[in-house]
Structure formats: C-alpha cells, structure tokens
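What follows is a single structure, and I will ask about it in a moment.
As written, the chain order gives the labels A, B, C and D, with residue 1 at the start of each chain.
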Amino acid sequence: MAEIQLLGFFDEATATAEGVDRLRRAGVSDESVSVMTGVPYRPRMLRRPAIASRIATFAGIGALVGVILGLAVTAGTYLLYPLSAGGQPLIPIPPTLIIVFELTMLGMMWAAFGGFFVVNRLPVFGKPPFDERIVEGLIGVQVVVEERRASEIEHLLREAGASDVRRFDQAARANEATWMKFMGGLGAAATLALIAVLLLSFEVIKIPFPTNMADQVSVAHLQGPRLAAPAEAVPVQGPVFIAGQPAFASVASSPASIQRGQVLFGINCLMCHGEKGQGNGRLAAYFNPKPADLTGEKVRAYSDSDIFLVISLGRGQMPSLAENLSPASRWDVINFVRSLQK
Amino acid sequence: MAEQAKFDSPVWNRPLPEDAELAAQVREVREKHLLQDARPPREVAEKVLGPMARLGRVFWLAFVVLGGLTATWLVTWAYQASQGMGVTGLNRTIMWAPYIINFVYFIGIGHAGTFISAALRVLKFDWRAPISRAAESLTVFALLVALTMPLIHMGRVWKFYWMIPFPNQRQLWPDPRSPIFWDMTAIFTYLSCSVLFMYLGMLPDLAIAREKASGWRKRLYTALALGWRGTEREWKNLDTTLNIFSYGIIPVMFSVHTVVAWDFAMTLQPGWNSSIFGPYFVIGALYSGVGAVIIIMAILRKALHLEYFLRQEHFNAMGKFLLVLSFTWVYFYFNDYLIPWYHKEPILTVLFRLFSSGWAAPFWYTMLFANIVVPWATLWSRKVRSSIPALVGVAVLVQVGMYIERYLIVAVALGYPELPFNWSVYVPRLPEILITVGVFGFVALGVTVLSRLVPIIPIWEVVEGQLLHGTRRIGRAIFPAKTEAD
Amino acid sequence: MTERISRRDFLRLGAAGSATGVLAGCTSPRRWVVLEPFVRPPEQQVSGIATWYATTCRQCPAGCGVIVRLMNGRAVKLEGNPEHPLNRGKLCARGQAGLQMLYNPDRLSGPLVQSTRGSREFSAIDWNEGINRLFQTLQKAGPAVAVLGGATMSDHLFDLFSRLLAAVKAPAPVMYDLYTELGGYRMLAQAMGQVYGRAAVPAYRLGEADVVFSFGAEFLGTWTSAVRYGVEYGAFRSQPYGKRGLLVHFEPRQSSTAVTADDYFAIAPGSEGLVAGALLRLIADGNLGLPGRAESARGLAPSLDVEQAARECGIPVDALQRWARRFAEAEHAVAIPGGALAGSSNGMHAARAIEALNVVSGSAPAGVNISPLDLGLARKSLNTFADVQSLIARMRAGEVQVLLVHSANPAFELPEAAGFLEALAKVPLVVSFGAMVDETAVWSDLILPDRSYLESFGYEVVSPDFGSPVVSSQQPVVTPVFDAQATGDILLTAARGIPAAAAAMPWDDEVDYLSQIVAGLPEAAYPASTPEEKRARFRQHGGWWQAPAAAAPTPRPQPFTVTAQRAAFDGNESDYPYFLHVYPSVLLSDGRGASLPLLQGVPDPMTTIAWQSWVELHPATAERLEIRDGDLLRVTSPHGEIVAAAYVTPGIRPDTVAIPAGQGHQDLGRFACDRGSNVVQLLGAALTDEGGGLRWNGVRVALARTGKRIATASLESKVGVTEGLGYE
Amino acid sequence: MSELETRLLDRGQSAAAAPKTELPSHKWTMLIDLDKCTGCNACVVACHVENNVPIRSEREVIRGHGQHWIRIERYWEGEGDTQRATFLPMLCQQCSNAPCEPVCPVYASVHSERENLNLQVYNRCVGTRFCGNNCPYRARSFNWFAPQFEGPITEMLNPDVTVRSGGVMEKCTFCVQRIRRSEEDALVEGRPLREGDVTPACAQTCPTSAIVFGDRSYPESQVARRLGGQREFQVLEHLGTAPNVYYLKAGGSDGGAG
C-alpha cells in the first residue's frame, strides 16, 4: 500500500489550525502530520499536540561527563605528578572547583549541541518535502497518507484555506542510513585525528623542530677535542709524579676496589684495550701500533706506579685519562688490570 | 507576481485603522518600533540578504586595509617570535603588559555579545533581536584574538601545546593550580560555546539564505543549513537547546572574566591582589563590550543599510544600558580605590599618588573623563542616546577609557613592586604597537567578512517578534503590545 | 684497515667519557639533556670530574691565590685558594672575572707589526721573525733600552727584565701604572719608610680592632688588597664575645667603604691630613684615652686650630671630639691612610699625620717589619710619576732606542700633559707585550702578545704583606688558547744573542728559571724535601708560605714630624667651581677590566650603572645647573675636557664631582672601545709636594651641559630608591 | 636503571651502592649578614660565571633587560646631607610558600620538599612570565633574547649548568649543581653530607663572609646556630612567602659566630 506525501501551504495560523483540525477529524493521525514554518509558531497556535524535547537529557549527561573530566584533569594530574608548588596541598580544592565548573558547563553545552544534531538527525540527507515558500512566510502542512486518500486530503486542505498543495512521492524523505554513515564517518575521522595528534605528541612522528636547550653550548666542549693538561703544571689534587718517588696514594687491592675498577675500565679503557684487556677493543683496529695487551708480559713487568703514570700522562697514542679518572679511581683500574693478569 | 500577492497574509500586512488620528498614531508606533513595523518575511529577508551580497567598493577597500593590518599583525608576531620577546618594551620588572592589556580588553569586548544574546534572551528583552548576531560575531572574533594574546606573549610560543592537557611524550600535564590553566579552560569553554550558540541561532536564517541565494553562496548555505526545514520538532529542539545555552553561557561568561581578573588577583603584586577584582573586571568587561557593540551596530547599519532593523530605539536602549554599566563600574572602581586608600598601605599610596599627581596622571584623568564624566554627563539625555553619532562618540570614549584603565592596571601598577629598587615604567615599542593595531584590524576584518557571509540580522527572530507584537488601543491612544507566547 | 682514526677523532670518543654513552655507541652530550630534561632540571645531573689548579690572580697587583676548576681542559671557574694566606679562599669581582682575560675573543693570536704607528693596520708575522726583530734591535741599541711595566707584571718577569737591562747597562725598568697611582702604593710605601724605616705597602690588621678610621681608603672596594681587607672586615665586624668594631670613614664621596662605615664624614677633598691632625690635637690637648696616648699624641700633634680645621674639613667639632675620644680610649684603634692621599699635593703630610694616629694607638701596620725575611728572589718595586717623567725625558732626548711595554697602558693611563705620545715618536722601536690591542699597542711597532696569567708561569711576592711573606705561585692551568708566547721565554731567547745578558740569564726557559728560584726558598708550611718535590708542591699549593709565626715583630716608629698642610688645586674657584674626585672603578679598576664583558655588564655598586661612565653630582649641584641623570656634561679642567653623562647622587659633597677611572678606551677590544670617557684627560702632570707622585687629586673642574642626553644603563629605579615609599 | 644508579655508575660505583631508601632531606638556608655586606659585587660576578648567566649589552641594560641571579640593591636612608646608602643583596629567596610556583601552568617552577628548594626547570618553561610577575622580590630574570657568548667565551661555560635559551625564565638555584655534586661525592664515599660540603658560588667568594650557606636542619651548622637572633629578618616577611634566605640587620654583631 503506497503512501504519498502532501504539502499544503497556508497563509496564516488560523487557517492552518483549521486544516489540522479537519485532518484529525478525517482520521489522519497526529503522527502523520507535520508542520513546517519559517517562524517558530507554537504548536498551540496551530492546534498541534505539544512536543517534548529530549535535549535536556543530553545536556544532563554531558554535564556529568564534564564533572568527571574536570575531576580527572585536576585530581588526576595531582596524583600522577605529585609535584609540590607554592606550599599548597597536593590536591588543592579551590582551583579544582574552578576547573570542574568550567568543564561541567563545557560538557553540558557541547552535549546539548550534539543532542540537537542527533535528535533532529541533522544534517538531513535525501530530499524530504520542502518548498521555498515556507521561508517566505507560508505555513506548510505535511501529511503522509495512503495514495488512495490523496485527493480527498488535498481537497480537505484546500477547503481549510490552503493556497496550494504539492504532492511528493515516497522517495522524498530524509535518508537516515546515510545520516548514520555520516556520523560514523565523523567519529572515525575524529578518532583518526586523535591518533594522529597522539603520534605527534608522543613524538612517534617527530617534527624536526629545534628544541633549543637540547643542543647545549655549555657541554659542547665536552664533545670537542680534549685539551692536553698544561705541561709542568701541578693540579691541586697533587703531582702525578715526583722524581725519585713512587706514584702517590695507592689504593690497596680489594674486591670492592676491583669491582669499581671493572666499571671504570668498562667506561674508559674497554673500547681500545678490549673486555679482557688483551688489546683487542672495538677501536683497536684503527690504531697502529695496536693498543697494548694489558695481560701481556710487558705490562705484567710494569710496576703499579708505571701503569699509574701511563694512565695519568698518556703514552704514545693513548691520551691522558687524568680528567676521567680521579687518582683513587686510577688505582682501582690498576687493581682491576692486575686481577686480569692472574 | 500575481501569485505572490497571495502569500502576503494579513499577519505581515496589518491594515491601518480607518480613523485618521489613530492611523497616525499607529504609523508613529510602527516607525519607532521594529517589531511593530511588520513586513512580509520575504521582504525582511531581502533587506538582509540583498545588501549582504552586494560587495561594493567600500567593502573591498575595507577588506584590503583590514587585511593589511591583519597581515601586519602576523608578520610582526613572526618577527617577535624569531627575535625574542626583547623586541618589546617589556623589562625585568614589567614582564606583562601590551599583550595582556589587549587580552583583557578583547575578552571584555567578547562579553557583550553573549550578554546581549543570552542574558536578554533569558530575560525576554525582545528588542535585542536585531542586535544579537552582530554582537555574537564580535564576541567570536574578539575571543579569537584574546586567545592568541597569551600565545603572542609567550617566550617560547612554539611550545604552547605544553599548556594543553593532552597525553604526550613529556609525560607531564599542565598544572591545574595555575590561573593560566583556569583561563584557558574558561576561554575555551566560552569561545567554543559562543561559536556553537551563534551557529545554532543562525540555522533557520541559513535555510532562508539557502532558498534565496544562487551560485557559490547557494552551495555554501546549503551545506551550512544542514537541511533545516523548520518542522515543529526542529523548532522545539532549537528552542530548548538555545535555552540551555543561554542559561549555561551566562555563568561561563561571568567566570571567564573573573578568571581573567584572578590572573592578577592571585599574585602578590600591590594593586593587583584585590578581592573585588573578579566582579570589577566582569562589569568593566560588559561596560567596554556594550560600548563596542554600539560602535559595531552603527557601522553595520551604515555599511549594510540596516536602517530598517537598527532604529533609534535600539541605540537608546543600548545607551541606557551603557549608563547603568557605567554606574556599576564606578561603584566597583571606587570600592577598589577606597579601601587601600583608607588603609594607607604604603605601596598603594605610591600608586595613588602616581595616578593623582604623578606621570600617570594624564592617563588616569583621561580615563576618569572618558569612563565617568562623559557618560554621566550625556547618557541621561534621550536626545544623546538616540543620536547615533553622539552615542557612538561616547562609546568610542568608553573604549579609550577602558583601554587606559587596563593599561593602568596591567602596565603601570606592575611597575611598582614592593622593593622600590625595581620600580619601572613600561614604554611600548613598535612591535607591540603594530600587533595591537593589527589585531584591531583583524577583529574588524572578521566582523566585516562575516557580515557579508551570513545574515548578520537574525531574520527569523525579527519575524517572530513581529508576529508576536501588535498594538493595543486604550481609549484614544495606541500602544505597542506584546504577546507572551511562552 | 689501513685508514687510521685521527687523534682528534679518538679524543672525541675518549672525551665523551661516560660509560653508557660509549658502550651504547652513541657519544653525545645530548644524553644529558635528551633523556630526562622535560621532567627535571638538568642541574640534577652532574657529569665528569673536575681538575683544580692553583695559581695567582693577576687582575690587580695584590696577588691573591686562586684555584681554577677545569672540565675537559677548559677553565670554567675561578675561586679563591683556601690555603692561600692572603685571601683565604675568597675572591673579588675582578678576580672572579679573570676567565674572560683568558677566553677574551679580542685576544691576539700571533705577533703583529704595524708599519705606521696609530694606523691600526697590523700585519701578522711569525714568532721567529717577531723575536728576531726584537733581538736585532736590542743588539744594536746597547744601553738605550727602556722598559715600562705595570704593577701586575709578575715578579719573575720583572726579574728577567731587570737582569736584561742591567746586563746592557740600561736604567732599571720603570714600573708605574694608574691603578697603583690611584691606590697610592708608592706614596704610602714612602710614608711608611719615613715613619717605620721600611718602604712597603702597609697592611692593617682589622680583625681585633675596636675602632678603625679610614681616611679615603676604599679598602673594601679597590685599595691594595680589597679581598684580604674584606676578610679582615668580616672578622672585624663579628669578633669574639659579641664585640663589633666601629668603622669611621672620611672621604668626599660615599664609596662602598663609606656605605658600610658606622659613621661617615664627607670631608673636603685633600683635607684628610687636617682631620688626622685635628684628631691628634684633640687627643693631645684633651688628655684623652688610655694612659700614654695623650703624651704620645702631644709629641706628634701639629699646631692647628681645631675649630678652623673642622670647618675646613666639613666635620662638626663635637663629632671630631667624640671620635677622638673613642679612638684614644680604644684598645685597638687603627687609622688607614687611603689611596686618595697620593694624589693630593699634601699627601705625604697627610699620610704621616694619619700614621701618627697609629703610632699613638700603638697599632702599626704589618708589612713594614724592619728586617724582612730574605727569600733570595727579586720583587718589583714601583716607581713614581717623577721616574716616568724622567723616562719620558730620556725618550724625548732620543736616549731610548727600544721601549718595551708590558702590563701597562701608558697611552691610556698617563695624562696628556705628561707628553708620553710625543716622546714616543722619538723612539725607533716600540714593542708591546699586550695580549690585546690596547691604546699603547696602537702606538707601537711590534706586538708580541704575552700569554694571559692563566696560561703562564711566574711567581709573585705578595704585597701588601699581612705579617709573613708569601710567594704566590703562578702556573698555566690550560694549554694556551691563543697563539701567544710567554714574554719570559722571549726575553731569554733574545738574551742568548747578547753575551752580557746571556751570562746574567743562563736559563733554558722561564720554567727552568722558576725551578731554581723555588728550590732556593726556605722550608714552607707544607712538607717538601727534594727540590723536585718543592717545585711540585709549590705549584700544587699555589705558592710558598710559612706556618704563621707566633708574633710578628712590631715595627718601631722612627722620629718624624707631623705638619698640617692645605692641599693645592689647579684652576681657580670662579672658573672651575668643583673639585674633581677621581677614583678607580670597583669593577674596571683603572681601565684594564674594561675589556671583560663580565665587569662591564655588572652594575657598579654605588650607581648600579653598567657599561657606561658617569659624573657623580650632588642633587643641589644638579638643581642649580638644571642637570638630570643622563645629561651629557662637558667637564672642563685647566688641562683638558671630557664629555660624560651626569648621575645625580646624594653620596657626594655639593662642591665636588666624582668620575671613575676605567672607561673611555679607544681600543682594548670590542667590549671596551668607544664607551664613556677617560677621566685621566682632565689631569695635569704636576707633582705632589713630596715624593714625586702625580697630583691627580688636585684639579678643579667646570661643568656645562651639552644639551644632549643618553639613557642611563642602570639597574636601579632612580625614583624608587630616592623617593621610595615616601613614608620612611 | 634508576637515576641514582646511573649517576653512581658514572662515578665508578656499581649500582649496588645506591641507597635503597630515600635520599636524606635538607633545609638549605642562606644567611646574609648585612653588617658585613660591602656591596663589592664579587657574588654577582661569581654567580654569572658559575651559572652561565649571560651578560647583557648596554642597549639591553638600558631597556631593563639586565640579567643577574643576584644583585646588590642600593637604597638611600636618611634625609638631605645625612643620606647614606645601604646595600641589600637580592636573590631568589627560595620561598617555602613560593608565589611563583603555583602560577606556572607547565610545572616549570616547582618545589623540592626534600631539599627545601624552589626549582626552575628550564626545559619545561614556555615563557609565560607569570612567575616573574608574581615574585615580590623580582628575583627572576627572563631571557628576553637568546644568550650570546662570543667566540672562546663559550669555553668557560660551566658544563654542569644548562645555558638557557631565549624565552625562558631563570633564577638563582642555590647552585643546585654543587649540591648535587656534593651529594654524590658523599654517596660515593658512603657518608652523610657534612657542614661546608656545599657552598654556592656567591657564598664561596664573599670576601667578608657576609653570605653563609648551610643546612638548617643540622643543628651544628653555622646557619642553624646563627638563626633566631635579634638582628634576623626576612625581606617582605609580611607577605607570608616564608623565604629560606635570612638577613641579619646591619649595625650589630652576633659575636664570634661569623
């Protein structure tokens, strides 16, 4: 049973109300009738039943979400980053109230806006019955009737005072499926945008923007060429060597000392002398002559004091490590080297 | 065209009484009141949409000039960001000034739009109908500018997103203790809801424009109107949503400027840490905002030939409004002044001396003259209020006065911390002058362009008002009367 | 693999120095800032081990011990050497800024020659050629060689210069600079010689003093050893059992010493001696103080009318009376003669009068011990301005073939009236050893840039000597930053070709020379047995000194007389209504600090002005002449004129204007040149009554507005500090 | 690996040496005896060198962009001819209730409860300058331009201290890098921090020892012993910022303690 849509045009409200009344008397249900106006006529004026709006529900839920978000942003931040500021308590209540208030209002209004779209199924897809004359002040009464009653109803409308009646076929209606797809697409786009922003904010996608202080001029010279210690100058920590005397302040070999020495060896020596001190570190290939085999006969024959001097002053291609190792640390390394020789 | 005559229903073409005397009275009422002067909706729409689409030479000239100012703003900002904040006149004592003055000023301007739309809607002041959208558009652009001001003012603006609570690699969020965070939340809420509010109210008008326009405008309005048809359900939902927004946005509006005031009041700076700053700033904001709306109304009326919509009654009402706000503002200002004055707090005494007889005296007296003397001396007169040039003159003075007031609070008071060794005076330099001029240009450009893109007069609200308003005869006199439909 | 990693690359790797960095194969200091920076201040991370070297500060002649913090071979911080007996771990602003002497971007790299003097068109030559030129000229010149040195020249260099000059039978080096002239070093030493029999810069112990009178001695700012006096002053203010010494300061201008004083009198310029005389008179006539004081005073007090003297000085008589009593009654009372005396015509009279107060109170300065310990090493002695004048006369007479200038900048520091530049034209070869192009280097033919003091060896016998002698060690803390050569080595190299000099200077290089000197020192406070160890410990500890002796011998005064003498001034009162008060800037000293941005950019304590020079005026003067801060004034004296910006301050007498020395360079690098004006241009070349000093504190000036203004680069808010909250 | 373990490893200590408990807390306090301050500016220069504080040019100083972490405020007391200057060294007061901290939107200005320090995290700073305005002492300095270190002057920069970029706020840190270094040294040596282990650059150089620094919670420290006297005051005490820099009024002595 095919249905057809009629759109009757009335000049003013009284005639429209009359038309609506007649439709009702003719057995057309209120649900089948809809009024379109360019001005917000109240339903009472047109003898239409009152309409309840569900927007307030949306707004209420939105406000609730806002409260939760507000609490999450504030208390959540305080708990995640327990940083003290200004002698305030970890969770300061007054600032929290401000944020919660703002986010509540934000949630309420955004939800109302969203609700407005959902309830009205905006944007409208498809071509539901409409006529330009409605925006010019005419009142349109849209009636959905079975095709066979079409002319009866049209007549009824004209009798009530309709200046014109247009017929629209079944196809002229809003396409809710497209609307659902559109909203789904919108959601997907929003999710994608969120992911994109997350990728950026976690620097998975890194924009090569200078971060200023990462390239530090104050430590730049730590990378630059090591400057040799001035010849014949004696640091405050004491001379490395005085003719006729052994090297100073040796540290007795102990498990703790050897352990420290191992760590320091790993930092300062391993890359050339190798893990076991056999002169086969990763950089050994670049050197000629090769770095010394610390477990070899030659080094075994050195006195501790000699090794101390080599570390302190450097020898051949080996640089002085005086800046890297304090005198006590040098002895730790020597103790470790001696342990390698065993 | 014969067909069309049928649409002109008696609602819009109300006949004059037969009696010549009564007819004259009715004519007078119609001349005075827009909502009494009913015209067919088609004609009303034409009065809005017609001039809107006609882009004359004046428009293009304004577009080029204001666009140039906007470009100046952006270029200067880029220069400042690349060189460092040192190009401004800020110094080690006065670390805030030009951009924060603008920030407070533009947030203030942004207040009037919503106030007029939402508060007057809630209070059912129907005369606001033709004004509201212009005021809202001013709000939107002023807030946009206000939002950029703290960014322009930042030392490392490229790190602005560190102030946004969003999960990131730094694993650190902004601190909700900071008034700046409050500010951002409040302004974001206010700006986004203002835009949504404005858009919602515009939907039926966009539908009208969709039907009337052609070419690219038709496509634009078709997309923007979202298929609005004006069914009874749509109208009801729109009404509910607008009511929710109206009630919601009013406290937000108050909170925004209160929070802005707290930016100052939370500090230990003498002259700033006053507990009355919140309400005082809100009133100050409304004061300058209503003034700004008056100026925009006058300009739009001239540029878009809106004499039919914007009548003396509107200017008169806005003038009254300005006067009331002036009273209120003075009340708060006096409060803020009197109490420290009475306490003789030393550092504030220095400030008062500075205002009354120091180098800041010319500014202070100009401010008092513009904000108090002139409005009080003139706005009581209906003649002044109804004369557009006079009222605009007063409104411009109020803008000057309120800008100086912000300058005195932000730039001058900040120069007088408790340790006198560090006192300082802020003198603006070229970059901030260019940026300030530029953002004024941008706001003007925004309103100018928007007024040519969307119906700047809410057609449906005017038509609805005309529907609900009529005359009532008591004895031999005719009076305007209103139907309370809700 | 045949390609070899360069030493530099290797060092880069080695220098990364941190375990995780190297092991992970990424050797970047970024590590310190990239991993953690967004949640924690980077200062939470510290990296590397610092090396410290002890050496001697050469920013002024005092010779404070410093230790230098090195990170990766770069000197990053100077601190006082806590072991050093002079400064005890403390350092002044100038000392702290020393690193910028080392790393100054305007330092010269390699020797330069200038074909036309004053053209500033230098061409680079290599070191051999430069030294050769010096050698050849020295060889030809015979005894016609002169050396003009400054007080910051290291003593070892002075010794080498002296030996060279003695070997060629030339007169001894002339050691003179503006800083010591303004500090009155030479004049005060002369006065000490007259009073105690040994001419040495006096050193006053304040640690136990009850009352200290300072007569224009800015001992907390620039005078002799401001750091040591700071240490003394700290002890003076909080003595055991809650005792706190009182400081009274007499000076026409409020210096920072005046500010810290308990009582301050803005006395008329040149009246310090009169004040001291009046105090003596009051003690003598009033029979004041502890037993014996008045008797002692009676023998020394000059004949004068106290009331008239008080009027002339500008001190109320009752205040004088009060302080005379206080001084006489105090167990430890010290009177300090300041540098300003040196520039007054009556300076020697005044110094004797002030020292007479010390004789009365029985608190002679340290450092004037009659028999100092013989250390077997040379120490420089300063010359008077009269000696400089005779050098100039020799130059003018063509008796100087080569002039060597080291640590001095006579073209900047000497008044035009001295005629230095004209005389210079008669010298065929002028050699400057300046590390930067200063005003004198501009008028020289050859520049052989010396190393900065943080790159070179040396020793310095500390002066003033606070009780026991100290030989401060100087050693390089970094390898040379610029291509500069130690002047000592240059002299030794050049001397090798001159037979007489070669015999007097038989060392391979200056390190060899120093080793021998140090080996000859007596036993030190720290243990060291062999000569090698002595040398090493000398450098390690930063010098040689002995454990403090139980009691230093108290010097006995010689018979001397005190006379009250009025100071003379150039210019009559009607044409030149204001006294000119010249003082060394606390930061720039006599101008040698002007090349360091750290000293230029830090505000002067009294005016808070940075980067500029100024004329201090009393508000009454300013009001009369309608002068505001920043007005450019033409300051005219009988000898010259300069233009400088006004600074109105209550801290000066209304009849006096004060201008700091230090600015007004035409050269000396980008930070110094074309800033402010040089006050020396206002001075004449007249000598003081006694002692042959430059009478720099005896000039009157006139002020006139030029109509131009500059913005004052001050830190203070003038309104804030003068008007304040208005309720005090 | 924890932060502490990494740091110990760099000093040649195996990670096992890291204490399992929290690091000990301190109340770092500075005492400035105005009776001894001579306004010599040694502290200012020492601070500039230690903390890589840039020297601003004459033009910048004229514009009020002079940058110092510690400055000598010179006031005038008295009227007319008896006017005498006084010095007030002013630096970050390391307030316990620091007004600068809560106003920062990005946690760049935060408090270390453990050390009683007011920390400034340069790399978090976005340059809103709210803290600078809210500091009643105006002790914070802003990098109005990127700092310029000419030529070899970069060599003397302290590698322990970040050079702040343009647009970043900075202030006195009580030489936190020295505190950190001493703490580590003590940890490596397995001992608690001792009095005198930590001295900021200003206190170290101060010729008259007017500036004294130490841990107030350690009763034998110099600061703890000298606090509580008649001469003690805090600048702008009435604001309730609870500074950790105490001043002693000029014109008196606390006898033997200094």
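Convention: contacts are C-beta pairs under 8 Å (C-beta built on N, C-alpha and C of every residue); 3 or more make two chains touch, one makes a residue touch a chain.
Since the model is a prediction, treat every value here as computed from it, not as a measurement.
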Taking every chain's C-alpha mean, which one sits closest to the mean of all protein C-alpha atoms? D
Distance between the CA centroids of subunit B and subunit D (whole Å) is 47
Between subunit A and subunit C, tell me the centre distance in angstrom, where each centre is the average of that chain's C-alpha atoms. 61
For subunit A and subunit B, what's the span in angstrom between their mean Cα positions? 34
Centre-to-centre distance between subunit D and subunit A (centres being mean Cα positions), rounded to whole Å: 36
Which parts of subunit A, given as residue numbers and ranges, touch two or more other chains? 81, 83, 85-86, 88, 92, 212-213, 216, 219-222, 263, 267, 325
Per-residue multi-chain contacts in subunit C, two or more chains: 18-19, 33, 37-39, 42, 47-48, 71-72, 74, 715-716, 721, 724
Multi-partner residues of subunit B (each touching 2 or more other chains): 93, 156, 169-170, 172, 174-175, 177, 181, 419-422, 424
Determine the shape of the graph in which chains are vertices and touching pairs are edges (line, ring, star, complete, other). complete
If we count contacts the way the header does, which residues on subunit A are in touch with subunit C in the complex? 213-216, 219-239, 242-245, 263, 266-268, 270-271, 283, 285-288, 317, 319, 321-326
Please give the residue numbers of subunit B that touch subunit C in the complex, ascending. 93, 169-172, 346-347, 349-350, 353, 419-424
Touching residues on subunit C, where the partner in the complex is subunit D: 18-20, 33, 36-48, 71-72, 74-80, 87, 89-97, 99-100, 102-105, 220-221, 226-231, 233-235, 237-244, 254, 256-257, 259-260, 262, 264, 266, 481, 586-587, 597-606, 608, 610-612, 650-651, 670, 675, 711-716, 721-722, 724, 728
Under the stated contact criterion, what part of subunit C meets subunit B in this complex? 38-39, 715-717, 719-721, 723-727
Which residues of subunit C touch subunit A once you look at their complex with the stated criterion? 1, 3-5, 7-8, 10-19, 22-23, 27-30, 32-34, 37, 42, 47-49, 51-54, 67, 70-74, 455, 457, 475-479, 511, 530, 532-533, 536-537, 539-540, 542
